[in-house]
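Take a look at these structures.
You will see chain A twice below: alongside chain B first, and alongside chain C after that.
Moving on, here comes the complex of A and B:
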């Protein structure tokens, strides 16, 4: 374990600047988001605040993909499974048991951990393209089961999720209030971000990076890669499910489309556009893509072509994503002399 | 807003400038699938609405105000549909919303309408739940629901083949099972007997494995709610095994459509289904509608196009009766209102917001659907099961 830390230190000598650059971007993002929230609130807006809230919720899903893809080197094509699991759990709890935010989140945490462990045992038996296919298959199977289960609303989904009040100790947040709920989700997603970013900086995170680099050598460092892959998988499942649980609080319904490949695929695209392995990149990517879809979708019905072309251009011109393109420049500015990695 | 609609709106403003120089347009939001699997349905919705809006605007608009249509692509995904609906309500400030196709979208967008205190009507979704157990005070349906389609078919069956033995074959998923259950209920209520049922997986390649059970039960009629290429395989295999002799095939309205009728070929001959519209309807109103539709878009309208066309007249009648576009007054005006459509006069039932309309039994003859029976609206509508308002 000490070796891992040592090699981690060596690899990121001057990594302080890398971290600082990314954390600075996160701070800028937070300030811009708060400014947006205040302006939109002052202008009496509802739509853009709620659209931004949705973008942040899908940013959580993208972060969960990034934990697997960017840190552990596992491409999950079925992360919507856990996002949908969280959304359905939260919807059912709020609708049929009681409009309690903490109960919904608690149930989601328990179910996502169970489902993530089970799914992890299946998917982590294989690597590479097989892992991608297994995760894809798992999500399709669960989506079809939900699609055909009358108790879960089948193809129609569940409507009638109440607009809840979220008690936060000193004060409460009304989910129906667009500005308040936006700020709440912003805080929630950025806390998740901070938590994951911290975790990725610990020996645990370094081991995940080592697995991505060369998982055959990890046992020589005294770590069992399978254990770490399982932990990463369950962590990612929980991140996806907890943000998914916020979806019905915003939109008041869930539908099986939330679990479809469409949702998983979009999350992967978001991560690649934003910057793989940066965590803040997926958040920025989600905000940008959601805004772009909304604008282009109104402008032309051929919006899928426009988004597709932009995606290809971004892969060709910005192979490391938005953050990957900004980071070297920012690092350079921060340290004055650091050569970009 | 697309270029097309803005050009349309501009043209309308010019033509109606004499009568309504200062009148604000009435804005109707249309959230409909313009891309993906359901795009052909969305296209019919769009054509029907645009044609009706143009005709209404040429005659001075609704209460002197021109109609403006604002389209948004919902990708047949409720999660996209709610976002687009909210945009139309909050940013474009539309007075009314329509266009949703799959019932999940209609239900979810209906809830958005409720929370924004605006009204919505679907012209396509036929899931019974929208105007029964999941009904909403803000949602209306101007097209026929699944229950009306199976009631019309059961009515025709009772008239043509009373007390016959019916075998049911559905696709094995939730919707397939519920359509079979609904038709079985409607048919057995009229005196038909149940010869057995079987559910085949979606996308089955081989239906012959069920033919033994089918023959053993000796039915006079087989009901099926499979769709698309499944229908092609089922009917051609029945034909190859010689089982179509002395057997009447009836089915859901989506079983045999213009998309797969060519591939089924002569095995489709004699197939009967219940529908809410057919371009064959012989009334002068429908002839005028079909001619105008063909002239504008070089193709026949289907039921989605016709019901969407009728929607503009429904809204027009309601606004003129209420004298306003305000939600509460308009809702009251819509309840019980009668309006003209290509199918004739429809009535909006106040208790559950479901349109009551004449239904048709249509049969495939020489590769084309011909009307073989008409069922009065009251006979097909069924009970009001909405308890929410």
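Moving on, here comes the complex of A and C:
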């Protein structure tokens, strides 16, 4: 298996350039984000740092949609379910059990794995549009139940999540400090990115790509597509939930809106506009769309029209998203070859 | 025994009839969805917004001084060009792509988002309640029912029958079914497939608009009204079998009855998960739904 992978890698020099181009974008993004953090910190800003942190948190949700859509070929219209699950778990743990970051994350990991397995068991019964509709329905039903459960704050959500201190071995991060928490979330999301990007480069990730390309042929390669789809689904659920768990640490509250279709739909839009199947695309897309929403929001409350039209244009004109549009150019720059993939 | 009769007369039967009136409207929605899917293979995520547009257009027509019967005739006609244009301008753009399913779903989803905000822009975000067009109530076999709900059931049933007749018993319907079965063959036999596609999409959209007009007096009218309704319509379509007309009717009646009766015993909050649970169970046993696809039957 290893040999096959290796020779495959050697045979497609272009493939390496593709990865380089994407990794370069990730690096540029990291540097720009750090620069932004430092400038904003020096200027004593809170608002933009909080907004940027939120953009990164939603970038995590978008990445989880991309694992399913971009790699496995499954369109999830209900990924906010797991994002909200993480947010609520984290809020309940921090508020009622104890303000421990690692406990909140650990609980989220356990619950998201359980819920993801259960949800995956239901959703993976079907494929294609049925999968999209089932995930949509699943999230909608759970959101409605949460919305009507008094113990979870019903329509008001949970407020009064304490500001926590995150112990990271050598030093600690105060969630109340906008710049520090921004850098922490930046590191968290980019580590997630690196982890997923690595995973997608392993035989596991290649099998997912194979499922996306043609799931009926995957059994001939000796893999059970259902097992891999389940794994991808649970992985995506965890990515969504873990980034969701950061939300109450940032805002101090959670609301049922986090689980609504609005949130799931936004994640899908982010992935499509940013670039499906690139992982970095969703991150850039999230930052870009958050910025756009905030700019448009200053002169009209009807930003959905702008975002919606942009999204439709993106589906029609740039089906590979922003990254898909700039990658060939970047690749050309990196390798000097004339063959964009 | 008399206790049960009393219970039936005053609690169960009215609830079932209420459920039926909702069911008829859901079926009209689901018919549009399922016909569009059966013929074009397109999931119309904007269907709920078309339903909302129908309700708002009814408000506008009403504000001009026309009565309910004019709305009932005019609004579906106004919906036809909207549906036609949507098909021509949006759906056709990605119709021949390899990932048609996903792309059309995404496009209509984006379009629904835009439509919802446009409705907010034009009509404002507030809830409006049109007057009930037919007041009073009637007692049938000792069961009291508001006249409007009664009208809804009869009118809706007639409409569903009419759709069935058009699709299965008319030349036009034969063309639609032929195009759904094999569009190349249909095209070579002289069926104007492109026209049939646009026409069918517009027809589905008009049905959604019509259910908007019919339900506006019962539920209120607000820009996001389509969202709650669309899940039920999708559930009905999935349980009945995507693209099946009989399926939509059977599943529509069944699921709304489950919802209506169960909400007598459990909190209405839990009736949604119950209906959804039924859908999951049907998918486990019969992933293709209860009935087959349009054109195959």
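Simple rule for what comes next: the second predicted complex is superposed on the first by the 327 of 341 C-alpha atoms of A that agree within 3 Å, B and C clash if a C-alpha of one lies under 4 Å from a C-alpha of the other, contacts with A are read in each partner's own complex, and residues count from 1 in each chain.
We take it that a contact is a pair of C-beta atoms (placed from the backbone, for glycine too) under 8 Å apart; a residue touches a chain by one contact, two chains touch by 3 or more.
Please read all numbers here as calculations on a predicted model, not as lab measurements.
Clash or fit: what happens to chain B and chain C when chain A is overlaid?
clash
Applying the document's definition of touch, where does A:148 land relative to chain B and chain C: first, second, both, or neither?
Touch partners of A:148: chain B and chain C.
Kindly classify A:160 by the partners it touches after superposition: chain B alone (first), chain C alone (second), both, or neither?
First partner only.
Thinking of the overlay built on chain A, is A:93 touched by chain B (first), by chain C (second), by both, or by neither?
neither
A:47 contacts which: chain B (first), chain C (second), both, neither?
Once the two structures are laid over each other on A, A:47 reaches chain B alone.
Identify the partner contact of A:294: answer first if only chain B is touched, second if only chain C is, both if each is, neither if none is.
The first partner, chain B, only.
Kindly classify A:302 by the partners it touches after superposition: chain B alone (first), chain C alone (second), both, or neither?
Both partners.
Looking at the overlay, does A:252 come into contact with chain B only (first), chain C only (second), both, or neither?
In the superposition, A:252 touches chain B alone.
For A:134, decide between first (touching chain B), second (touching chain C), both and neither.
The answer is second: A:134 touches chain C but not chain B.
Report which listed segment of chain B has C-alpha atoms clashing with chain C; options: 258-266, 276-284, 330-338 or 366-374.
So the stretch of chain B colliding with chain C after superposition is 258-266.
Show which residues of chain A both chain B and chain C reach, each in its own complex.
Shared contact residues on chain A (touching chain B in one complex, chain C in the other): 148, 302, 304.
Using the touch definition from the top, list the residues of chain A that touch chain C in their complex.
So the residues of chain A touching chain C come out as 75, 77, 122, 125-126, 128-130, 132-134, 136-138, 140-141, 144-145, 148, 261, 265, 268-269, 272, 302, 304-305, 307-309, 311-312, 315-316, 319.
Under the definition above, what is the set of chain C residues touching chain A in their complex?
Spelled out, the residues of chain C in touch with chain A are 43, 90, 93-94, 97, 101-103, 105-107, 109-111, 113-114, 116-118, 120-121, 227, 231, 234-235, 238, 242, 267, 269-270, 272-273, 276, 279-280, 283-284, 287.
With touch defined as at the start, can you tell me which chain A residues reach chain B in the complex?
45-48, 50-51, 54, 147-150, 154-157, 159-160, 163, 251-253, 255-258, 262-263, 294, 297-304
Could you please specify the touching residues of chain B with respect to chain A in the complex?
Within the complex, chain B contacts chain A at residues 1-2, 34-35, 71-73, 77-79, 82-84, 86-87, 89-91, 102-104, 107-108, 110-112, 115, 127, 129, 134, 173-175.
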